[in-house]
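The first chain written gets the first letter, and so on, giving A, B, C, D, E and F; residue counts start at 1 in each chain.
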């Protein structure tokens, strides 16, 4: 099995990555450039109204629908339900030391309307971090394949912002309920690998730090300054760092 | 109309507040103590299977359901669909200078299973802020009644964390799509007031700063330190400030 | 605040109005010509499968979908989530003395797929009436801003057609559950104003009297004659009155 | 408020009938006493989370849920999915000359969570009428077995309250879309019989005339007087007739 | 009633049939050629976002959506909600001796987005069989009009594959819960006729024997050989029989 | 990683197994005794109305709901979202040579209302088979970790019962759309291991052969005899084999 899931070279450079696997939606790639390793799930999609509805790229006339248009069913074949490559470790040489390889409707068009997706997450040893993020409408169920992770999520204000955290070893499973802010940290000395099932066909990751300090254009700095009660200089430094 | 919506006294002390209106769910009150003024929406609840299903408090035997148990329909009366008090300004004497008065299923039990709620938001002059937050599964549509607000939301990673922001005056309406991190800032010299309709019967506010730096218990500081690329001392200061 | 919500001139002519705010869907305007002031809500729309799906007008080739086609997300900007004008009183110089100004997906395209909308309702003094109507699939939560309203809804046959009614003053909130026939009557001597949040992005108002007596073409008069146990002359008079 | 809601005189006239088939929910029977023959459909119930969830009567402690509690699955048998009697004509000796025999979750507990129901409708010759009514959230598909019916529905205000009507003979099928006000009239000289499939497990019939003129208590007569532009005496006569 | 539903001529040849009524979707006809008589239901479709969304055929450019595109509402008329012919017995001269005449969205375009459909099923005397099949996501409620049927469904593995079976006579109603494998067998000496309401606008019948032994192309015979623990010759005979 | 996922001893005896991991629902164990290894998915569950709703066992009074009752949220801790053991190979010493280890709401109560689950499937070398089965309402996305699988699903009658099949190697992903009959066969000389994400919190596996030939009680043999066009002796042999 070593051949299937080789340990990545020890690389400590910066820049998170989501590997979109050169899939059906190259359009999304530029948006995913760097800072955001994430679990990439989604849930409660509309029910299918036929056996399947394999996604096609948007037509050239600039007309879109909620979700995706479908391929002519007569032209569909087994490859529309297939994607290879989840045995290849993601490149964790980035500033957070983690990488998400997603198999969502963008990489596997047969997932359209079916409400489920899968990701592989790689973590560099000694602190590879999938930083705090949220998925607007999907739950994530994660299983550790290799390594040791410290994982957790925080509940909403009404529940007192409670932290539910746990250390996970191979074979351990953990659930991050829909919408909750969550994270995973490699606390071991070796690379870590996890797979996660997601309750939607889609992406929709919101990495907190990129959203607050790295949006395009930047939020008026008065907002994070007051919200975080930080010195304005620190806020402006953060904005510089996350908006290159 | 001045009597109905009097201008609050100019108060610049700290401590945000969500006014739960002494409603049906006193349990929620302690969690909402300070830092979180928010728009408090929700969406896509299950359809009702009868004319109405007025919520009752959880039975004493510690058994709960997804959503709420219902009152015996024969005992329901018009007051179950009624709540007064949205003419009373919320107390904005807190550290962010804003206050949310919610009318959700916790305050108005007749909303159960009906997928909609309403809030009033008050903002202190000169910078009252409803700080960056998200609602796991509801959209918010806001109308300004008084004052001038700078409002915005940031899209997800896949969309490039774009900021959509706008200055709003009385009668202006703005939408914060489900799950997006958003905020409102009073940029005028007078108090501001807004109402918002929400696409759910429920709360579910996640104020970013309280979640990341003020959870109970605290997240291992290595996580925000690495994610925000901040000095560890600053992170620990933030944790102290938001977890009292 | 007087400037934001000025009292309309006292006008006693006839003809209800729904102000569609010269929005994205001029097509709907002719249908809304007179008799129907209504609360205009909707609920339980399909979940969004992306951050947003801003509605565009139907393409010229006469092809439609359930809901709306979406704008190219790269072309979306903050104005797609914005609408001004809810500070302007609606014109109540019509036969029922009320006016609904709607902000639904037709006026605010950013609401598409988001399951919520907002309306402003104005009522003439001394009896302005939002006549009995129903919304096929949305709930309405109403807050009174000015004036005094007598409001109510009637449950279905299985529940005994019970009336739940209440007199509302400024700051009072009332819920009209999905599908129930309901109404509001200004019982004060001054104009009344209310806002309502709706659990859908869409219209879908069915004003009872226009449906039964003013359909196009008219229902065979034997049907309302037998159903209402009225003299056939009275039925034919009603049909004349409501089908001009 | 007594003036607004005069008590109607005791009235013992005749009335349509919904035959609830002496089923699982005797509680509903009193509400269904007379005036309401209807098509009794329903739609878009929550998905089942197990093979079946056979409804049981509400427990004695007055606690209810949205929908129904379920029977212990180990005690379920084939009779829970079975109901006899749809070959028996309903009694049409009432003021509208029609009768609905329903097989919904109240009569056939195995339908719980399954989103479908069935009714038989009988119509007296020479004018048996299933009077204008609506179902808050279900569609009805009707097939004529015997006789000749004039049927139709009216669309919402936004669509111009258009009437879609048709004369049906045996074997003809017609659809009444969710929420639309609709009716059926026997225009033949013989009894008529129809079956209808409904997109919900539930009732939820709103007969217009009973709702507007026969609610309990009565709506303030000013409301229907202004809405229908009728003489107040006629309104009060209607209220007397429909509220015995 | 004999006139409406005449007894079909006694015909004992083979080949099941689904009568798609020469409806809107001739494309589906070839797929339905022989072996599959079925109850043809569907459930839990997306809610409509307008009064109706009458289905149109797929546009010529090969672009499809989940469900169906809609006709321009201004061109819709009563015939879009109408279908005749359910009084005509289906041809049961096929190898299983049964026939399903469906009225789904393919035959009655007005059903689009409405979540309900209707079928007529005819069974030859002395053993006409609607063979074991399943519907991926719809429930079926069946009423017997003529004859005597032995009907049943089997629950899932987790429930112990229990059989719930019953003998039905005219007027008897039985429910086949969503997704369960079920069948009907005419155990009488006369033809039998049933109607069934279905909780979806759509088809989606999976006849077990055609799926396992008659797929195109055939499944590797090792799979059914091992699964059914049959002699490989028998499996290959079955594959020959069901894949002509 | 060898330690985490050791190769199981080569064992060619019979008796499939679903490993329910000694979880929260011992009740299900007896039903899962032998013949059914399956992918165990589920989809489109109701949305959560709170941060989480951790499942509890049914109360002793025999009252059930659709889905599960919830634990008092104040008593919930991180272990409610955690399950260990997916690194342990399932026992494939059964007649089909495969084993499903499920992590659904029954084993991991925190999954309740969240619409997703995870399974590990083990296959014996030289022909370990997860036999043809269906899931009434969930999609499955499978990734191969070790070995070589021949997998496929067959579409519904309306689509011509087309087979979509593929040979999968480590890192390959395949989708089995909701409701379709599907299978996996180990065509390699070594054990195979796969993980699968499922679009529901729940089970709901229907193994075809157990349903048709092994139900409790048995289906009248005339039904499979006619449906499969088999000699009645063969049918009775199959019934004996699958109903011990």
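Heads up, the rule we're going with is that contacts are C-beta pairs under 8 Å (C-beta built on N, C-alpha and C of every residue); 3 or more make two chains touch, one makes a residue touch a chain.
Here the structure is a predicted model, which is why all the values come from computation and not from measurement.
Counted as hops between touching chains, the shortest connection from chain C to chain F is 2. Common neighbours of chain A and chain D under the contact rule above are B, C, E, F. With contact taken as defined at the outset, chain B and chain C are each touched by A, D. Under half of the residue numbers found at the chain D and chain F interface occur in both copies, marking it as a different-residue contact. Centre to centre, using the average C-alpha position, chain A and chain C are separated by 41 Å.
Separation between the centroids of chain A and chain B, computed from CA atoms only, is 27 Å. Rounded to whole angstrom, the centroid-to-centroid distance between chain C and chain D, based on C-alpha atoms, equals 25 Å. Residue positions of chain F with contacts to 2 or more other chains are 44-48, 50-51, 65, 67, 73, 136-137, 152, 156, 158-159, 165, 178-180, 204.
An unclassified topology is adopted by the chain contact network, corresponding to no line, ring, star or complete arrangement.
Two chains count as a pair here when they touch; such pairs are A-B, A-C, A-E, A-F, B-C, B-D, B-F, C-D, C-E, D-E, D-F, E-F.
The touching residues of chain B, when paired with chain F in their complex, are 42, 44-46, 61-68, 136-137, 200-202, 204. Chain A contributes residues 46-51, 53, 56, 59, 65, 67, 69-73, 75, 112-113 to its touches with chain E in the complex. Only residues 1, 3-5, 41, 43-45, 47-48, 50-52, 73, 76-79, 81-88, 103, 108, 110-111, 114-118, 120, 139-141, 143, 145, 152, 155-156, 158-159, 164-166, 168-180, 195-199 of chain E touch chain D when the two sit together in their complex. Within the complex formed with chain B, the residues of chain A that make contact are 18, 28, 30-32, 36, 38, 44, 95-96, 127, 129, 131-132, 134-137, 150, 152, 154, 156-163, 165, 178-181, 183, 185, 203-220, 222-224, 226-230, 234, 238, 241.
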